[in-house]
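For reference, the structures are reproduced in the following blocks.
Look at the two complexes coming up: subunit A is in both, with subunit B in one and subunit C in the other.
Right after this comes the complex of A and B.
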């Protein structure tokens, strides 16, 4: 067990070195956030009274999304992709550890470290200057934090699943582009799911992706209350375990067919 | 006691529907504890495939393979604790982390007790003179430094077996010599069984009493270097300089290999003609300078081995 923590720690240590990248990221995020808010305000102004979400909620939601931008997977992990194409993956297999757990620890760190670097500055900037508000209540804050913690795990499992497809596709370009669009549009990352028509939002909220963005954010805004937290946790945990199961099956299949070329 | 046992091992690679490559075709060998075995053969002969099967990365089609009584692909995780491996073209170290952090991760991966880890690390670091590199990120190491570090990494858990796949590729001569010295020490001191796949014949000559020659997925020779030399190219070479104008008549017991204006090279079998007699026969004809007697180089022997395998 300790080894997975060590791996997690090593990646955190590595990734927290990328501070300039984080700074550049924050600038982009802030710009993007302002743009979204201006567009939404314009929509609301053009048809008053029919807004599916209040402007204040939209602003908070938008800054939450920008602050936790790196929590959700953005395409297939390039490091593992390179391992696959260069065959270094062999080294991962000569270790006396489970590859799945090893990669899971890696992804938890890979999702968490850049998020931590960006979260606090983005929150502070948006709280001070850009109309961001603190959580509506303590209970909202608890709900947000718990579901965000599970969102991290969900995100890591989805990253793991995408990486495992590399055993078949090697380059992973296709999966990478497809999944990025899918995840971004259905998780609430681009627009809050509340803005979608009801029947579409209903379906999107059954998919695992909403558990990474939309669910935690609704606790922060206050559209979900603490009494609904057990259902949320159950929803997120179910998806985590289902997807882990799929990962296990894929992994068992892949290790039988793996071919590492060349010397 | 045999630490590696391979019987009738087969592995075929498929590419497309019709192309089949028999990477391993019923190979068979055993290696005993403490042996230092050279694994040679042309590119694509099956060396790396064998090592990948032994390390549990690849699953063979059929046959038996045991590493210290474990089947690698069935007990991948337990087996992984028994061996260390270095692939010359790849690194197992963490690119962005200082070297000592990479080692610390391996300590936890292999669950090495702290005291054992400390003494082994100190020992290895001293043997390879890596003290000054421990705090440097791996990406800043030179190829030679990185290879040495990779060797240390593969030995931290004191494996019974070490697999080396072209560990000296691209290294300069001092580094190669240091690596060879190190491997000799490890093999002798810790009785580590070593299987070395390489194209560097000097590695083989320096290190390996026994060689396995693999070609087209078949083991064609399992022998000592001396015996292979005797079988294939059991001759000596004599070469010397003569005055450009002087006339040299062939000596019946020898074969002329090379003749330039002032240098002559002959091959002979010491059984047919004694060296002293030969020199006498030469010096009675012409006055010679710069006379050299040598055995064919290991490269030539291996070339002959490759030719006899293909021909």
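Right after this comes the complex of A and C.
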């Protein structure tokens, strides 16, 4: 276990170097957020009674999405893709550590580090200038924090799953892009799930992806109360273990059949 | 596969628009079909511009490897060479998605077409591609000074696409004026369509403005080429 923690630590240190990229990312996210909020306000202005979510809640939700933007898996892991196409993946497989655990440590860092770099500046800017508010209550804050912690793990497992599919397709981009589309549209990343028609939102909330974005955000704005925490923790943990199981199955199948082309 | 992925990725934003219209039914006097028109239109414009601008994306690489010097030595204008470096077909995913939504929107609206409107549309499309190409050129020009590409330019390109999907009348005055006179996004989408749909402009610009608005983009384009020439003058190659 100490090995994986060291690996995690090393990845974190490396990724936290990318400060300039983070700055560009923050500017982009802030612009996006401002645009989204203007659009929602305009919609509300045209039919005030129909808002499924108050403007205040929408503003907070939007800034949370922008601040935690990098927490969600996106696209393909180009490093792993390179390893696959060059055959270097063989080295990864013969290491004295389990590949799954290794990559879990990798993805925990890959999701956490860029998020940390962007989270605090984005939150501070939006709190000071752009209408963001602090969590609705202490219990909301606790709920948010717990579900965010689990969201990180959920996100890392999904990233792991996406990378494991690369064992099958050399270019790999297709499946990962499809999954990115699925994740973005169903997690609450492009629009709070509350705004979708109710029956659609209900189905989307059963999928694991909503656990990464919609769930923590709802604690923060107070739609969910702390009494529902055991249920939602169970929801997130179940999906984490189910998806880990799928990863294990994929891994077993792929390492039996893997063909390395030299390199 | 990549085209399909592009199709879907750029298309899911429309899902959000659909959901919002499901709840609210209209925005600032525009309905779903009209906003779908903007959405499809801007994606079709951007797709074409994006497809021939991959070279500008790679500008920092061109400078670092010295390939730019080879372009400069040839008898063809370097901008043409960079634009011709690669025509990324996978952008067709975005184009197709835009086209489909555009066609759907047209089918929902009853527009009275005439020669003027058709001509304006064509001019608007060409101007739109010129506009985005201009932004890409300017983004690439900054590499003369910074070598690494300035990511913040993406706020104007992708951000521009996002902003252009909605009628600009909903934006605060500063943003509206910026997108009309500085980076004339509104002139390729909002104003031409105002004219074609026979809608009055709530901001109060005169009706004939719609007809000449695409020319603002051409002015922008020539400005961006001028900026490039200016940047080129201060370029000293590192060899390579």
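Throughout what follows, the second predicted complex is superposed on the first by the 262 of 263 C-alpha atoms of A that agree within 3 Å, B and C clash if a C-alpha of one lies under 4 Å from a C-alpha of the other, contacts with A are read in each partner's own complex, and residues count from 1 in each chain.
Assume a contact is a pair of C-beta atoms (placed from the backbone, for glycine too) under 8 Å apart; a residue touches a chain by one contact, two chains touch by 3 or more.
Computed from a predicted model, the values in this text were never measured in an experiment.
J.: Figure out whether A:13 sits in contact with subunit B (first) or subunit C (second), or with both, or with neither.
T.: first
J.: Quick check on the superposed pair: does A:93 touch subunit B, subunit C, both, or neither? Answer first, second, both or neither.
T.: Touch status of A:93: first partner only.
J.: For A:256, using the defined touch cut-off, is the partner it touches subunit B, subunit C, both, or neither? Pick first, second, both or neither.
T.: A:256: touches subunit B, not subunit C.
J.: Look at A:134 in the shared chain and tell me whether it touches subunit B only, subunit C only, both, or neither; answer first, second, both or neither.
T.: Touch status of A:134: no partner.
J.: Pick one for A:203: touches subunit B only (first), subunit C only (second), both, or neither.
T.: neither
J.: Would you check which partner chain A:2 touches, where first means subunit B only, second means subunit C only, and both and neither mean what they say?
T.: Once the two structures are laid over each other on A, A:2 reaches subunit B alone.
J.: Which holds for A:47: it touches subunit B only (first), subunit C only (second), both, or neither?
T.: Only subunit C; A:47 stays clear of subunit B.
J.: After lining up the shared chain so the two structures overlap, which partner does A:242 touch, if you call subunit B first and subunit C second: first, second, both or neither?
T.: Once the two structures are laid over each other on A, A:242 reaches no partner at all.
J.: Between subunit B (first) and subunit C (second), which does A:231 come into contact with in this model arrangement: first, second, both, or neither?
T.: Neither partner.
J.: Looking at subunit A, does subunit C or subunit B touch more of its residues?
T.: C
J.: What residues on subunit A touch subunit B, complex-wise?
T.: Against subunit B, the touching part of subunit A is residues 2-3, 6-7, 10, 13-14, 17, 86-88, 90-91, 93-98, 255-256, 258-260, 262-263.
J.: Provide the residue numbers of subunit B that touch subunit A in the complex, in ascending order.
T.: So the residues of subunit B in touch with subunit A come to 13, 43, 47-48, 52, 55-59, 76-78, 80-81, 83, 85, 87-92, 94, 96-97, 101, 104-105, 108-111, 165-166, 197.
J.: Where on subunit A is subunit C touching in the complex?
T.: 21, 24-25, 27-28, 31-32, 35, 38-40, 42-47, 50-52, 171, 173-174, 177-178, 180-181, 184-185, 190-191, 195-197
J.: Can you list the subunit C residues touching subunit A in their complex?
T.: Residue list for subunit C touching subunit A: 1-2, 4-6, 8-9, 12-13, 15-16, 19-20, 22-29, 150-152, 154-155, 158-159, 162-163, 166, 170-172, 175.
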